[in-house]
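Both of the next two complexes hold subunit A, though its partner changes from subunit B to subunit C.
Let's look at the complex of A and B:
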């Protein structure tokens, strides 16, 4: 693992059953550009290795390469993937087909699309066993039942005769896990299998996975962007950046003593459950294949970069036993201190100057009553977080407050005015002072308009500024959200997710609002981008005294940004209060459960 | 990501960092539908054919060897001129050269009317939703249940002498419900997107939401539909000419020529074939164009 030697099979410390990846690179077809390169990785039997990276880092590409698969437009350029001494990359396709699923199993990100919607669950599993020639005709159904039992699912006839759409997200994921484990593979590749699941479901799936790996001695590569998940399940962690492994080491080493500036920056951008942290992001954006800088690929975003970093691509070198770093300055940049980013929690006894109050809010979808009697208020320059699992009604509440959903009863008072149900019925002042930011910046900006047009529009609409003056203000606002004036003439489709979300924030700010409603605004973004967006919002809150209603499913994030929190379950508030109180001394069982199931780093 | 970038920073712009990272490369601008279509061979070929034919229709009357109604020889004479003469002894080539103007004009304007009307109905139905959608689309279905040509014939038989305008409106109205169905389908996928809801939340006028937010995102599928409708229009106007409905029965008209000369098909096939072929080429040209745009639209450009 330390170097690419020519005799990999005899390498010490690689017992039977593991997987060795050597000098793997994946190239773009027709161009001399690598998507990932120089990947060396060892999966020991029974070991879970977390492969962490942001979007565009090539982590999924590495994951699928272990099955000798590359997406259309890319091909595996070099390297070896050795399973018990056999190189999967040089096998004939018939052999590869045999190995896939039987010896190396793959669990995709969205299992719902991997299961056939027209075939019943039981039949699907039996078919898999048939395909792999496992068991006899009679024993296969029992095999399917055993497989389901192993992942903690019911295995009666009723369950076996269900279709995929009749299962919940967590159940589908566990069916996928059961199917991956049934042929008794030696290696398992999991590609973000819990993204999009609730924390409790996620915890269940992760537990199931970890247990199966341990009992069957299966080595697993867990591909994810979520450092907190990795901290919970992985034995070793590989951090990827721009197609290379930046740092590789035991979990403790990566989280306690990260040595690569990128790993440190990543850790600085994630919130913790146990303490309020001032989050920071990483400036710039992840370079795409072909646009990566020469030398160290992180040099253009690195705070510690020196001239030598721009010259040569650094090798992975050992800083501690089993702990390797791809940074020439790894020893020189000091130690990393987790508590550097800690800030005091918001003071629960602060005097509050109420600006928005919600009383007895009941919300309906047609005849369905989805939110029951919710009341809370929001003070000036305060952030109230609405937290809950999917289906808890948090987004519905925010949409009703924002006037985007009008089927509700109750009273919403905004600075003395009782708000009408829909945004159209509200007067211009209230519309202007209450701005909504959407979850997905890929959907919330019109792809046909330029950034200037998008940000300028609220000013023209509310008569704040027009013409040249408005353009100047757009530049000013873009500067505030850390975007340069050269963005003005670009269309939104040319920006990255983080940049788009900044534009969306700039658009909201253009109306000079007093309250921002933020609907899961960081959930579609990478952690480093989330960090910088949170820092930006915190700055705005302090500087302009803007209040925020912050909808999220991420409890750790609440600790960093919120001063008050409302925990929601099935459309009702189960617990509310200052963030410190609720998170340190939760009173309700539900809150305690949420807190304990949330993956934590500390 | 320097150590000094802590929460103490009051100045938000400082978040961009003192070290000012070099401007990241920006992805190249998304080319417009037209530019993308130009990379399609079938689109460029179709566009070429169509442009050539339009130029032919516009300039040919000045180059024609004979006048529109000039007698060039005995009827159904194969020997006279390039394509011989027709049932009145007029030169077929000259008739073809003169006869495109009306078809082209009515087909183009009719398509335009049909597109505008159809898009208006479809987008309003999709954006309005609820009752608007129901009423508009059910009325639409009523018109849709008539075959295009029948709808035109019903009106035309009631009129003594149809003017070009009536034909344009008829072609347009018969297209409109078909366009409306497509426009509604496309618009439905857009009106539920967050940027439309964002405009609503700002309190934009409904007309502005439709014009500035919804319509610009529909242009690729609508362009493809326009090309297809143009093809149908040419066929429809040709067919109406064949059935004897044209603005000026004396003037040359490709559709009408087929009908006038069909009795002499055995003796002088060119008098029928020449207009048939030119209508076919025109329709193929516009159809290729529509196909090219449709492929670009299908690939998705968001």
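Let's look at the complex of A and C:
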């Protein structure tokens, strides 16, 4: 696992259990391009290793390689994966199949789509044992029942005979865990198993996983993009960038003394629960395989890069016991402090100049009453966060305020005007001054239009500008959202998620709004992209005095961006007030619980 | 973790338990609704069929031809038989009443009851479609599975090219080519036309059935196997198939249990469409092979202005459409747990 040539197996002393990955590389089929390379990793028995990286870093590729599996279009080029001395990568495929499931198990990213919709879960759990003829019918069934009990699920016949779609997200994820644990594997590969789950559910799944690993002495590779989750469950952390491990070390070292500029930049982009931070992003974007720079793969985005960084690919080198960094300048670039970038919380006693007020909002879906008596207001240059778990009604409220859902009662007053129920009935001025940004930038932009057409549209619609003047303003707006003028003629489908969301923001700004409704606008994005989007919004708020209704499930993000917060549960506000008050001294049990279940790195 | 249940609406309890006692009642309601819709469809079809046949012109003039002016007695007799002194609407309801009670009327051309005239051809056509179906369904699935297994490699490319070429041929071209190949020019092993002894069935001699069946199979299988291949590929790319592989399930079981089970539903729908299509589309094939089925009879009846027979055959073909699609929907729902549980809960 280091540049030295000692046999790593003996060096770390894991004769039994655990897994050793040596010099693994995965290549694109038919091309001399690597997806990941030079991966060395050790999983000790009973240890949870977090493999962290942003999209495109190759973390999932590494995860499935441990089971000698690569997705269509890629193949495992070199390396060894040693399980108790046996190399899985050089085994015959019959042997590999034997190892899969029984010795190394995999927990998929999105179990809702990874469980077969046509097979009852009881049958799916025991399927592997049944095929291998392990145990008797009764013992397998008993095993499934015990496994379900262990992950805190019901285990009666009725539950076993359910299909995946009859379970909630948290239940499905636990079924996947129980299924993976049933054959008593020695190693577990978990691929972002809590993405998309609410914080309380996530906390339960993580607890369950950690407990199972401890009691069964299973080593786990936990693949995720979420540093905060890793901080809570991992023993050691490997940070991946562009197909290589950039930094590897014990959790404490990675979070207290990160030494790679990329690790530091990632940590700088993450919001904390305990303090407001000025979040920053990482300039540029993660290079795709084939487009990676020579030398250090991070050099084109690195603030500390020197000429030598562009020449040779740096080796992983030890900077402290068990702590390795792939950076030639590690140690020269100063120390890092977790409270870097902390800013004072929004002042709860500031003067507020109300622009949008919502009174007694009740929202219905047909006969179903989904939001009950919600009232709050939004001042100029202020960000009010709507926080809650899925189903709490936060998006429903924002859609009603934006006029996208019209089945509601109550009064919404916008700068003196009482707003009509649907956007269609509102006059052009109000529509222009209140803009909506959607959660998923992959769906909210027309992929066939160019960026210029997309951003120009609101200007033409509201008669703000047209022709050459409008194009100049588009360039100006793109510049504000940190996109270059060469983007003008691009179609939206050519952009990355972060770039698309910037275009969506530019489109909203083109209407010169006074209020932005941001509906989970960063939840589909990588943390570093989230950091830069948040920095962008903060700048807009300060310079233009734009107010925002910010819908999110991420409490840490609220701390950094919000000045006021409404905590929602099942369509009702359970607690509200200035962010600092609510988060420092929560009054409601529900808020306290949300705060305690949120993963934190501080 | 333990105190969660009291604090938060626990995510582990948010899903309603499936299937209550009223599952059966919900199913009955569903089936009743679908049957009601089927009856409504057939009723609308009956109006269209009646109007279309009424628009064909005066059947008596067509049947009697030159005799029309020479034989006023016969004209009056026939007019009485079809009730042309009554209004169109009351004739429609007379006819509809007959249909509902199973009385298909009397053929004007031959003077015999329609049910007696069409029972033989209906059986013959049903047999032909049935034979085509039991060959076509497994064949299409096997081709689709082979093709999906070799996706985008040479065997798949070859199969897809052949399927596309065959799908592009009209059925009479397929039939003529088969006749040339197996009956007249190259090999002379099968009869090119259907010869039936009086009172017998065409399938009394199996050789007679081969060419018509083969033509139908070649005509329909390409569509079915292409659709099944596409849905198989989609399923093979799904995450649950990936997980099954990562779980260490043997490839053959992955294909059979995880992939095929989920790919079969689009297959059922396209098979139903094709079968219903066959029921109405055997006309050309039956004419080509002189096969005594409803297709041949329909052609004759239209030529002879035998309105009652045309009406009866049209309604039978429409019913086959409706029934086959109803069965396909039912099967699809039974094979899709999400849809199945949605009905019963």
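Following the convention adopted for this analysis, the second predicted complex is superposed on the first by the 591 of 602 C-alpha atoms of A that agree within 3 Å, B and C clash if a C-alpha of one lies under 4 Å from a C-alpha of the other, contacts with A are read in each partner's own complex, and residues count from 1 in each chain.
Note that a contact is a pair of C-beta atoms (placed from the backbone, for glycine too) under 8 Å apart; a residue touches a chain by one contact, two chains touch by 3 or more.
Keep in mind it's a predicted model, so treat the numbers as computed, not measured.
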Tell me the contact category for A:203 with respect to subunit B and subunit C: first, second, both or neither. second
Tell me which partner A:294 touches in the superposition: subunit B (first), subunit C (second), both or neither. neither
Check the residue A:411 against both partner chains and state whether it touches subunit B (first), subunit C (second), both, or neither. neither
Partner chain in contact with A:142 - subunit B first, subunit C second, else both or neither: neither
Between subunit B (first) and subunit C (second), which, if any, makes contact with A:457: first, second, both or neither? first
Once the shared chain is lined up, is A:127 touching subunit B (first), subunit C (second), both, or neither of them? second
Have a look at where A:168 lands relative to subunit B and subunit C in the superposition and call it first, second, both or neither. second
Just to be sure I follow: which residues of subunit A are touched by subunit B in one complex and then by subunit C in the other one? none
Subunit C to subunit A touching residues, read off their complex: 1, 4, 7-9, 11-12, 14-15, 17-18, 237-240, 242-250, 253, 257-258, 261-262, 335-338, 341
Inside the complex, what are the residues of subunit A that reach subunit C? 64, 67, 69, 71-72, 97-102, 105-106, 108-110, 113-119, 127-128, 131, 152-153, 158, 162-163, 165-171, 174, 179, 197-198, 200-201, 203-204, 207, 389, 391, 569-570, 589-590, 593
Residue positions on subunit A within touch of subunit B in the complex are 261, 265, 268, 278, 280-285, 287-288, 291, 300-303, 340-341, 343, 402-404, 423-424, 426, 428, 431, 436, 438-440, 443-449, 457-458, 461, 479-482, 484, 486, 490-491, 493-495, 507, 511, 532, 535-536, 538-540, 542-543
For a test of understanding, state which residues of subunit B touch subunit A in their complex under the given definition. 1-3, 5-7, 9-13, 15-17, 19, 21-30, 193-195, 197-204, 212-213, 216-217, 302
